[in-house]
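Labels run A, B and C following the written order; every chain starts at residue 1.
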Amino acid sequence: MAETRQLFDATWIGRAINRIAHQIVEQNEGAEGLVAVGLHTHGVFLARRIAATIEDEEGVEVPVGTMDITLYRDDVGIRSRGPHLPRREGTDIPFDISDRTVILVDDVLHTGRSIRAALDQLMDLGRPRKIQLAGLIDRGGRELPIRPDYVGRKVTIGDDENVRVMLTESDEADVVTVVPREQPGKPQG
Amino acid sequence: MAQLGEPALEWTRKHLLGLEDLSAEELDIILDTAESFREVSTRKRKKVPTLTGKVVVLMFVEPSTRTVTSFSLAAGRLSADTVSFSKGGSSISKGETLVDTARNIQAMGCDVIVLRHSAPGAPHLLARNLECSVVNAGDGAHEHPTQGLLDMFTIRERKGHIEGLTVGICGDIKYSRVARSNIWGLTKLGARVVVCGPATLIPDGIEEMGVEVFHDLDEFIPQCDVINILRIQLERQKSGLFPSIREYARVFGINSERLERAKDGLLIMHPGPMNRGIEITPAVADGPHSVVLDQVTNGLAVRMAVLYLVCGAKG
Amino acid sequence: MAKTTLIENGRVICPGQGIDKRLNLLLAGGTVAELTEGRPEADETIDATGLIVAPGLIDMHVHLREPGMEGAETIATGSAAAVAGGFTTIACMPNTEPAVDNEAGTEFILLQAERAALARIYPVGAVTKGRLGRELAEIGQVSRAGAVAFSDDGSPIHNAEIMRRGLEYARMFDRVVIEHCEDPDLSGEGVMNEGTMSTILGLPGIPSASEEVAIARNIILARLTGARLHVAHVSTAGGVELIRRGKAAGAHVTAEVTPHHLALTDECVRTYDPVFKMNPPLRTADDVAALRDGLRDGTIDVIASDHAPHPPESKQVEFSQAPFGVIGLESLLPVAITELIDEVLDWPGLIATLTVAPAAVLGIDRGTLRPGADADVTLIRPDQRWTLDVERFRSRSRNCPFHGREVTGRAVRTIVGGNTRFRAD
């Protein structure tokens, strides 16, 4: 029986964000033309932290958009618990993504289905020059050919477990834990 | 995994037949979903793939232009295929029963039937007899749930909340499905609803629905944060329910002079189509209080939300 | 020597004779021979232990739809439904196609009843030609042909002058006028009771006043003419009160109520299922209470079904489009037992509303187990719990608002003229 246990603390999360920010700048040879889009909810917080880190270091503003992928899910009408309810805030990307490099940010990478939905939505919103994927935790288990460009840490956990990222923007502390899966069969994004 | 810790609330309804059946939580789900979907209409490419492969049949047995257009655009923005079906071009005019017609449509593989019909309860009849989702787009004098929702959405957008507001509904309450859907929805979300109209057009027992009744506009108007003005069907005069158009306009028409006694920030709504100069003067219809066009815009987001939710509930 | 049947060990209830006692009933050659504590020899013995032995029940308000609407019911299927519901005698309304407003039409019904050979059927003739409310029908000849009462049921007689003349004319032949009391102007396009429910559902309402105005007018005309008026299917508290006062004032007025008006309210219409659509419509809980009071104090004399068959397809439409009417021959007795016994009526009281009372209204010598009377007997198992299932009904139609209801009590054997015409399996 799986039990809740801590994987990483606040210090680790801070370092991981710094490292990802540095890798992004290094990979793109600077921060010009970068924009970040976070997936609701924790991906948005991570995107803002990464963007702030880049701005501090490079002095270049990285605009951050937020994305709700509900409208691009592939399970409408086949999910037994009824439809996914979208975030009231919805998708809010108040800048043109065409010809920009979009850093798509999510907290935990798993099946890849959320990322597929996010990629489709980005394509509908414009024609980015490049899209790169950043995730704080990669727990593996991909169901689609999707591979991140930047990862905080790849971890191996049981099928009966989920990774939970908590961030001070909405939670008590910055911490990554492993928790028992609530509903069997419900994959993480 | 963008939405870990997603809301505990779930949407389980396959049909939307009326707002009377819905809980406050369910009303909030629809309004929040609509708010999220509104962004789609601001995109350059006003289309998302959400309902790709779904078929929405717009079965308008009673004529309507704006509601059918709104539903049609809403379905289109979600990439559903739509088929429109009006009385003139249908076998209903050839004597086929409603249930038979709808079963035939269902046999061609449709996911949602959006029904407008002059008979109250017609959507319930289809829901009892079909497998697909049924959305009520107005059934006689019973309910018009998406109109009620878009009115509530507009109020929430403009006022920030619904709870604690006094919403007035003015005119022909007796024959109005808009009035009934508004009364159910608004009272559930904590508004006080007051109605005003001639005694002959205020139906028996309306107080039991949780509203207060007025017959004097000058007493009614100053209490309201929002006034929803209903269209007066001119044929009611012929059935003896009010003496003349002139008298109606005089006694129950909303004009600028009367609004001088209104609260600051009063919203004027009208479900359309308006009889300018009868229940509402042009100055009020086009004046600073009017949110009539917002209502129309918001109708699209609300109908997208409803189609999405009922399609999603079929699993 | 005629065939004899002994029904023994039953609780015999014959309100006409004031009998409620464990007795043995001997039938001989189609008539009642005797009621006795002894045990006479008989060719056949029926053990009625645990059963109520009642005079054959009478339903004085039935629509058999023949001629003209045989898709809904025929005299044969309606007779089968009647005996299955415990009724040995029914009176059938003239709103057929064509209406029963002449001798030939009346004789046709009697002929079909004879062919069906199940229940006794008494035709009710139309008061006006074609039930159009304009000219009096040939009430004298139709009476002679066998009609026991006159009614334009289904429609009210709108014109007060025609109503007055109908009462006066029927009185000459000692015939009662059974009136569907409704003011069509007040009812308008109404399809259900007017009130909070009709407001919520957005359906046009029929106000109680529509029935009350007509009952008041007709009682006044009954007093004017001295004729006998029977108010069909009273449904409103105001209507009951008007009848109560009319009786007190000496008008020759009687009244009937249906099981659906005693057991259901307009809340049922919430589903928009036309199986709850009938005229008069289901009313409110207050009306139900007043109708029950009316039965208790004798203001309402009779319980009748207003059995109104409609084919299924006609009820599978929008509520406002569906025809009015529900069937009741096979649900009346169990629903009445379940709803009324102890709470409203005792057993002799209930049996009276289904035997002597309708017989008196119709002026027929039935509804009694008096020696010499026709051997019409209904055996009732008062405590049997079962579920009403329209699929098992003998009626050709299925529009019963009590389908699926748990009930207590039923007719287990129906004997007409000494012959068993129905036996529960």
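One rule holds in what follows: contacts are C-beta pairs under 8 Å (C-beta built on N, C-alpha and C of every residue); 3 or more make two chains touch, one makes a residue touch a chain.
If you're wondering where the values come from, they're calculated on a predicted model, not measured in any experiment.
Seen from the Cα centre of chain C, the chain whose own Cα centre is farthest off is A. A summary of chain positions shows that the Cα centroid lying nearest the centre of all protein Cα atoms is that of chain B. The distance from the centre of chain B to the centre of chain C, each centre being the mean of the chain's C-alpha atoms, comes to 45 Å. Computed centre separation for the pair chain A/chain C is 74 angstrom, with centres defined by C-alpha atoms. Computed centre separation for the pair chain A/chain B is 38 angstrom, with centres defined by C-alpha atoms.
Contacts with at least two other chains are made by no residue of chain B. Note for the complex: chain C touches chain B at residues 194-203, 205, 207, 271-273, 313, 316-321. Remark: chain B residues 1-7, 9-12, 29, 32-33, 35-40, 43, 45, 47-51, 54, 78, 111, 308-309, 311-315 touch chain A in the complex. Residues of chain B that touch chain C in their complex: 20, 97-99, 117, 119-122, 124-125, 128-129, 139-143, 174, 177, 180, 203-206, 208-209. Taken in their complex, chain A has these residues touching chain B: 39-43, 67-73, 76-92, 106-110, 114, 120-121, 124-125, 162-165, 188-189.
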